[in-house]
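Heads up, the next two complexes both have chain A, just with different partners, chain B and then chain C.
Up next, the complex of A and B:
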């Protein structure tokens, strides 16, 4: 999949020059991805710094990297960040963990029993495709402005992707495997634990990953809509005040949390299903 | 499970059973939906739940009629549709263009990769207050949020589509003297269309979230705005009506793209 084959336009290969510079350009060529990636990010940060710190107006509008770092340090030191992050994290965990457990269980039930699947399918798909954030005003009416409504947002956001993907994972398992295990005298429990669950791991994990994104969005948007504490509430407060530096700090923290969760999930998947690694090239 | 069904039954019963089995999915699905609605209605009527807080299907139906008659629903739907179309259109243009450039020039891909990855992994909703700070309240903020949320999956899918093109096809066009433009319009775009369309399908959901979100926080019209408006007045029934319309909107839009995909798949097989 070299670019020459597809585009043929990027081949600025070095001419046979002196050995030292040739070696250098060869090294550059080999690590082209890393070099270009780092260079573009660095260029972006420098441009941001230069443009942002030019005068007070642009600094208010887009901030600049050194100001963001200083603001971040200050928000951490004052405890403001830690306190609110803890609230958001609690809401996330209380909603997400039950959603994953229940989602897998219901997805399994739907995958194993045809009638259950037929009965629930339209309902589940309706909830799956409904924009979850649209539920937020209702959930606030039902559960109040505190943590409960955000836990409910997270739960409802995460459970349906997990359920739908678990169902898909169970359905794509070769029936031959199930029959093979059965013919050796396995009961339903053993079929589920020995064949169905391990076979569905990649699909389940894809669902968990999808649910994770929706859960994080749910916490933040839920808190932005109405809350007493949390990262999303900070976002709302600072956006009302038009404070770009604080907002960038919060955006980076939320993004970093999402990124960490997804990386953690990938590591977890490699542990539970090490055989998968061979498939991913 | 179905093997023991009706092997010894009488003829009419057998036929009925066969008809049931053929439409089992649809029948049970309808039962599930109707049962859910009936239970909801009944719970309100019997006083198990408070219908003012949790509403009921008949109340939602009444409110739907009322909002249609007053013209409010259609006005909101129109605002939301325009914002959706403009935002989605811009996102498709940007996403496909960037995806093609990244697919054509490896250097561009290497340079843009970190940004795309960051934006793909990060919950983009968090950027929305910054957009309000930049663009203020109203139409363009809603459009910008929509573009922001939608362009990334379309870019990623377009890139994947272009990578899946057989390099031999590109070399064939080149060796007959085709320019880069020929390569793009005659080979890359048609060949990567299925993956691009899949990206569009994912994009619809995200664009809809973008529009609704934008309207919830920074607009004075549209379905999303209507939901916050009624939500703040604790009117569950009136919140459910625009929500229902949004769900239907998403289903219709997704089905349209899927139809396009099916048609295209047929053309590709010939």
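Up next, the complex of A and C:
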């Protein structure tokens, strides 16, 4: 369909020319997913704007998009948002990065060495299934109301899913792959670097994704419980004051951060495990 | 000269299920000449695949000796390479990187690896597919990669464990002819385990017939069909006679093996 014909002015040999309206409907059909998705979001925003800005009471209660944007700009300009977001980001990074590194290392050790596994299994399973929210008050008693307690919440929330999934990934390694490298004379270290690690990548990434969600929840809930600063602390403050617009701004920021992290992880996975993308197509 | 010698090899192992001692191989003796193509046939469970793992060095015999060029085999090494029935390619590696695997283990430089891997891919006719992943290839192509990977380390003995067992009948014929073409080039010693009698006659200089429970060598049958052998060779009177004689030897073994498997299944 590379014909330049406008409307029905000239007829191509291969396919009869279509009127413009027909071509439009064809294009709509082809991009149906994008078109419908955009339409639903746009409809939601318009409805929210119309209903929310109807009078002062509803504006206070549910706010509306343009007000949210204005509030966001104002919170950014005053430095309030930046200052608190930085605190939350630090808590997230200091807790999440060591959790991932240590979680992968311990998961690998548990998968390769039976003794390590027997040693850690009960503890890991207890922590993995325990409601971590209930630990927050305890962590505050131990680490205080500052950043440290939130770092601990993030760390404990993220490390166990990473560990458990890494372990599962190691266990799913096909023994035949191991036999293949061993048949060339590979030792234990080469078995790990050439088979176990690359073979476990998809499961490890699933664990990191799970841990990421728990880490973000950990930062926010931890700060909402008690904190001096942070996005969760702002949520707590504005919730007490009944300020809908500010709360929406904060929710959008948290969601955007989560979305950015997930996208980053996906790009990373496509780089280190491109064979998976091909499998899923 | 005798390159590979199995001398009264015996293997027992403890079965994990009931902790009883299981005799897998007993009194297996065999001498293989340099450049010889030896096929091993036998009923399932006769330990013919286990025999290859012993020669590779992944398993150690309980008693008896395995000598390669007069030296005892104690661990895997680049002078012996395995080709697996299920290909055993690493799914996250491209064809080229799969072929490089053995060379990485033996510590070759990246440039040398690449060059050697490309040479071997050319040999098996897969040069155009070096960037593909295993799941994008057909079964026959995957096993070509498996063969290239084994040849890449420059082994003196190629150990092939039912390499064409997972392929369809037509592909199997073609792969057999391809393997002969590759073998005729540099005459590496090949030990080829199969359950396909026709395949063993078509390919081998000698066919080793094994029994099951325990695995023993029943007979070693020289195949004197002229080479190069083409597809028509399978219809010659000599071929038919070999097939008849091997099957005669095997039939009761297969029946015994089946009966044993039933009794095992019943006792579990």
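Going forward, the second predicted complex is superposed on the first by the 262 of 281 C-alpha atoms of A that agree within 3 Å, B and C clash if a C-alpha of one lies under 4 Å from a C-alpha of the other, contacts with A are read in each partner's own complex, and residues count from 1 in each chain.
Keep this in mind: contacts are C-beta pairs under 8 Å (C-beta built on N, C-alpha and C of every residue); 3 or more make two chains touch, one makes a residue touch a chain.
Please read these numbers as outputs of a predicted model, since none were measured by experiment.
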Chain B and chain C placed together on chain A: clash or fit? fit
Practice task
May I ask you to decide whether A:133 touches chain B, chain C, both, or neither, giving the answer as first, second, both or neither?
Solution key: first
| message | Quick check on the superposed pair: does A:273 touch chain B, chain C, both, or neither? Answer first, second, both or neither. | response | second
Have a look at where A:235 lands relative to chain B and chain C in the superposition and call it first, second, both or neither. first
Q: Quick one: classify A:184 as touching chain B (first), chain C (second), both or neither.
A: second
State whether A:194 touches chain B only (first), chain C only (second), both chains, or neither. second
The chain contacting more residues of chain A, comparing chain B with chain C, is B
Quiz item: Between chain B (first) and chain C (second), which does A:176 come into contact with in this model arrangement: first, second, both, or neither?
Solution: second
Rounded to whole Å, the nearest C-alpha atoms of chain B and chain C in the superposition sit apart by 8
Chain B partner, complex, touching residues on chain A are 1-3, 5-10, 32-33, 35-37, 39-41, 44, 61-62, 113-115, 118-123, 126, 129-131, 133-138, 140-142, 213, 216-217, 220-221, 224-225, 235-236, 238-239, 242, 244, 247-248, 250-251, 254-255, 258-259, 262
Given the complex, residues on chain A that touch chain C span 176-177, 179-186, 190, 194-195, 198-199, 201, 273, 275-276, 278-279
Contacts from chain B onto chain A in the complex sit at residues 1-2, 24-25, 27-33, 36, 53-54, 103-107, 109-115, 118, 121-123, 125-127, 129-130, 132-134, 162-163, 165, 167, 170-171, 174, 180, 183, 188, 205, 208-209, 212-213, 216-217, 224, 227-228, 230-232, 234, 236, 239-240, 242-243, 246-247, 250-251, 254
Residue set of chain C touching chain A in the complex reads 56, 58, 75-78, 81-82, 84, 86, 88-93, 101-102, 104-106, 133, 135-136, 153
